[in-house]
Amino acid sequence: MKRPGWISKLVLTIGLGVLAAIMLVPIVLTFTNSLMTEQEIGLNYGLIGQMTDAAAGGKDAFVNLKVLPDWLSLEQYLHVLVLAPKFLRMFWNSVALVVPIIAGQTAVAALAAYAFAKLRFFGRDKLFLLYLMTMLMPFQVTLVPNYMVVDKLGLMNSGAALILPGIFGAFGVFMLRQFMAHIPFAYTEAAKIDGAGAWTIFARIILPLAKPGLAALTVLLFVDYWNMIEQPLIFLQDASKQPLSLYLAYIDKEARGIGFAASALYMTPMVLLFLYAESYFIEGVQLSGIKG
Amino acid sequence: MLALLFLAPSLIGFAVFYIIPFLMGVYESFTDRTLGGSFVGFDNYKDLLASSSFRKAAANTMLFTGISVPLLIAASLSLALLLNRPMFFRNGLRTAFIMPLVVPVASIVMIWQIFADWNGTLNLWLHHWGKERIDWLQSDWSMGVLVVMYLWKNIGYNMILFLAGLQSIPQDYYETARIEGAGRLRQLFHITLVYLTPTMFFVVLISIINSFKVFRETYLLAGDYPYDRIYMLQHYMNNMFFSLDIQKLTAAATLMVGCIVLFVTGLLRAERRFRDNME
Amino acid sequence: MCILTGLLLVFTLAACSGANGSGNHTEGSSGNGIGGGDVSGGTSDPAGKPGKGDQEGETATTDKGKKTIVFSTFWQDDKFEEAKKKYEALHPNIEIKLQHIDTDNEHVEADLEKFATTTNTAMLAGKGPDLLEMDKLPIEDYVKRGLLADFNTLMEQDKGFNKADYFTNILDNAGIGGGLYGMPLSFFLMGFAGDVDAIAKAGVQIDDKSWSWEDFAQISKKLVKDGDYPNVIASMPGSILTMMVTDNYATYIDVKKGKASFETAAFTDLMKQVKTMADDGVIGQERPYFFPTQINSPGDYLTTLKGYLAKNMSLYAKPHTKETSPGGYFRSYRTIGLSENSKVKQEAWDFVKFMMSEEIASSPLSAGFPINKKAYANQLEELKKMGSVKGHEDGPLHGASVPVDDAKIEQLTGYVNGAIHQVAYQSSKVEEIIYNESLAFFSGQKTAEAVAKLIQNKVTTYINE
């Protein structure tokens, strides 16, 4: 490949940089506005959802979009962290739910995905279609039957009511199957001729080659389960067990200031994970990736 | 048999937590009441199709999905291709595009309100230019607002998938192509897009599923009875859930899943052709 | 993964015992039904009886012959706590499990939605509570799906139950869909508090038994023109419009045909008429003749009617259509539903009866007129003994006392016995839509036609679902 000149690199960087900056606006706003006092939030955004009297100058009344606060304040954070210690507990609950789900689903799904992608068996594509169909069913429909199942298994009000379904989700199977489908048959055929069994092929050839998929799966699973709302709401009635996503799922219009601060705290671990995962996984994978 | 060993762990849990609830849901759509109702055939479906609100919701959903999913896929694929090329701060830029994924719903809703409210920033700008206000979420603009929100939120998601897919394509394919004198465009269509087929299949389906998930933001922004244009199947089903009308809810969902499955079967067939080519 | 789960378990156990130090301890993963506030909310029985059943997640397990009634409410309510304690003392073989949502003021709206989601799911799965407080739940939908038992049947079958002991005007009119699916343990009176002297002085005659909204509009014109006060009613134009539409529901909405008629000249004219009323001062807060009001208790009746700074105030029925039979308005409060699928139906009904009885005495100042006539009479006795009622410190009376006046009490009893029209506890979807959308018109931000179109679309969607 010809080495592209630094000019084309620069153009690309600037173009994408501008686009990225636009994408980041809501995040930047969340962080900066979380440093405002409740009073300043009220002054700037109090008009949201209001219908001001047009006769009394309401025609000129608008929200005041403010990027930087007039007065830096940690008031909202104090409110979230000190006055609502449940925030920290919920944060920990989220971690305790998401980590086992990611570990479990990745492992279980990798095995199943291998079967779907590389092995032949009767009814393979039909069974796979069934996996896909369950992903399409809206939660409102499966909520009640799920409730019955969880209740029958005696899992109600325990983390297992979320972790077990999480581990067996179809998403990972689907995603990894697609990534394994990329791997040319030539690779596995060669190993087979050398006398390698299915397990050896899976562990020695397929898994390393599916690394980009596994890395992406980790990130996406994290996003999905960190943000889950309905299942914990129904299956964890005990407020002391509920994850952080429930704290922010429903936020009252009056509590905007707290909403910003809580959102900022909520985002921080994910931002850090992404920064870490980005440099570690994707780049790492690229170096050790498929050389053919 | 060998396959069964690999499948078993997944299959057991999957049957308990997904297949059983799924089948129960489908079964409910053929009964006349929750819990021990009797079988009524397609009565619920008849009621459902007789509901003009359901038809409106279905049409809106199809329109929204039909516009936003192709747009999203085109945008995220271009982005992934560009970000796969050398540039400065590439890692930082990649991370920037996936950041919207981490923003919690509450924050998204607050920010979008600041912009799209009747008294919001967008209308302030219109006001500066001497234009009338627009009620963004209560006019034909509302669909546009949702499409933008959906693109913003999911572009990073798909980009991750495409990047991972791109890196799974063996580099020697390109080497060979270059030796044979294939140009950039030829490489794109004959190698990149062809070998992305499995990824593409996945991305298309996940994008459809994610397009349904915009409901949460829409719901918080515009309530359970939003403007006509953005009243979607998810609103319909959610309202049915809250009025405990499980019959219409399950029938609507089954119908929706049925339609998508038809579409998916087509995709699966296309994918099988690709796999056969590879073998 | 094991370590994490283990840590989580330790953590939750610590949290449980911290919140509920009485040693009556629920295992980390047991508990059942919805709400679950019994673990962290400290509502469990402090006596810590041994052999506490219900570890299996069943709604009604019999553990050593003991039956459990699960009772789910949105708020924690001392009144129910008291009833539970008294009832359990009288019936040692029954355990009442109270569940409620842990909510704080910042999340009420959100928690209401959570409450509805969890309760709906549990009820549909057949695992719901035996008794539910229906105030915050869509009772009509529950009735439509056959999830609630009809109290009329239970009352008829129960020989020991004498309906005449209760306010039959309420019991007979609190029904939904041909049955009494929610038992109102108490109720409020609804109406307009009107300044009798000022109205008389303006030379206006009001017959609140039969006045329609047209009459109200006529009278309002005269009051503003000839009377001393600048305003007629302390309200918002949106509320008046909503009341006017709901009173003429059939004119605007044909549910059978799924047709709404809001994009009509009739409706836009009505909106404009209400706007004119607001512009002319008919609707305004400055110094009105009428205040829409809710009377919560005998004590509240005295203070409310004095609270609006006029000496001689009286309760009027709100304007209504000619077809409406004359009578006052009430709103049920602490309405209890009994699950049709409950395995302890008779026991639950007995507990409801207990909560309706005079044994659950309440102060004449606490919210809600009791459904039991004797309990109401007792409240009046107590009120007379008190001699006077102190107004709210931060209310219009600034803590001043109002003397208990026999004539006023007599009048109140008349209202209590004459209330026959039910006002729903929550506003309906249609009311919400009309109120919210019309705000833009009354503030002058949108035209009547634009607003009418939005209302038309949304209501059409709603009634055709």
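When the chains are written out, they are named A, B and C in that same order, and each has its own residue count from 1.
As a convention for this text, contacts are C-beta pairs under 8 Å (C-beta built on N, C-alpha and C of every residue); 3 or more make two chains touch, one makes a residue touch a chain.
Just so we're clear, the structure is a prediction, and the values are computed from it rather than from any experiment.
J.: Starting at chain B, figure out the least number of steps needed to reach chain C through touching chains.
T.: The fewest touching-chain steps linking chain B to chain C number 1.
J.: Hey, which pair has more contacts between C-betas, A-B or A-C?
T.: Most C-beta pairs in contact, of the two: A-B.
J.: Of all chains present, which has the mean Cα position farthest from that of chain A?
T.: C
J.: Need the CA-centroid distance for the pair chain A / chain C, whole Å please.
T.: Those two chain centres are 41 Å apart.
J.: Centre to centre, by mean C-alpha position, how many angstrom separate chain A and chain B?
T.: So the centroids are 15 Å from each other.
J.: Where in chain A do residues touch two or more other chains at once?
T.: 51-52, 143-145, 148, 249-251
J.: In chain C, which residues are in touch with two or more of the other chains?
T.: Answer for chain C, listing residues that touch two or more other chains: 117, 124, 126, 440, 445.
J.: If I count partner chains per residue in chain B, which residues reach a count of at least 2?
T.: In chain B, 34, 118, 240-241, 246 touch at least two other chains.
J.: Quick check: in the complex, which residue numbers of chain A touch chain C?
T.: 51-55, 58, 89, 92-93, 95-96, 99-100, 103-104, 143-145, 147-148, 151, 154-160, 163, 230, 233-234, 237-241, 246, 249-255, 258
J.: Along chain B, where are the residues that touch chain C in the complex?
T.: 33-35, 51-54, 56, 118, 133, 135, 138, 224-225, 227-228, 231, 236, 239-246, 248
J.: Contact residues on chain A for chain B in the complex?
T.: Going by the criterion above, the answer is residues 1, 3-4, 9-10, 12-13, 16-17, 19-21, 23-27, 29-30, 45, 47-52, 60-63, 65, 108-109, 111-112, 114-116, 119-121, 124-125, 128-138, 140-146, 148-149, 153, 164-165, 167-170, 173-175, 177-179, 181-185, 198, 202, 209-210, 212-213, 215-216, 219-220, 223, 227, 229, 245, 248-251, 256, 259-260, 262-263, 266-267, 270-271, 274-275, 278-279, 282-283, 285-286, 289-292.
J.: Which residues of chain B touch chain A in their complex?
T.: 2-4, 6-7, 9-14, 16-22, 24-25, 28, 34, 79, 82-83, 85-89, 91, 93-115, 117-121, 123-124, 127, 152, 155-157, 160-161, 163-165, 167-175, 178, 195, 198-199, 201-202, 205, 209, 212, 216, 220, 234, 237-238, 240-241, 246, 249-250, 253, 256-257, 260-261, 264-265, 268, 271-272, 275, 278-279
J.: Mind pulling up the chain C residues that touch chain A in the complex?
T.: Residues 1, 4-5, 7-8, 11-12, 15-16, 19, 28-37, 39-40, 56-57, 102, 106-111, 113-114, 117-118, 121-122, 124-127, 439-440, 442-445 of chain C touch chain A in their complex.
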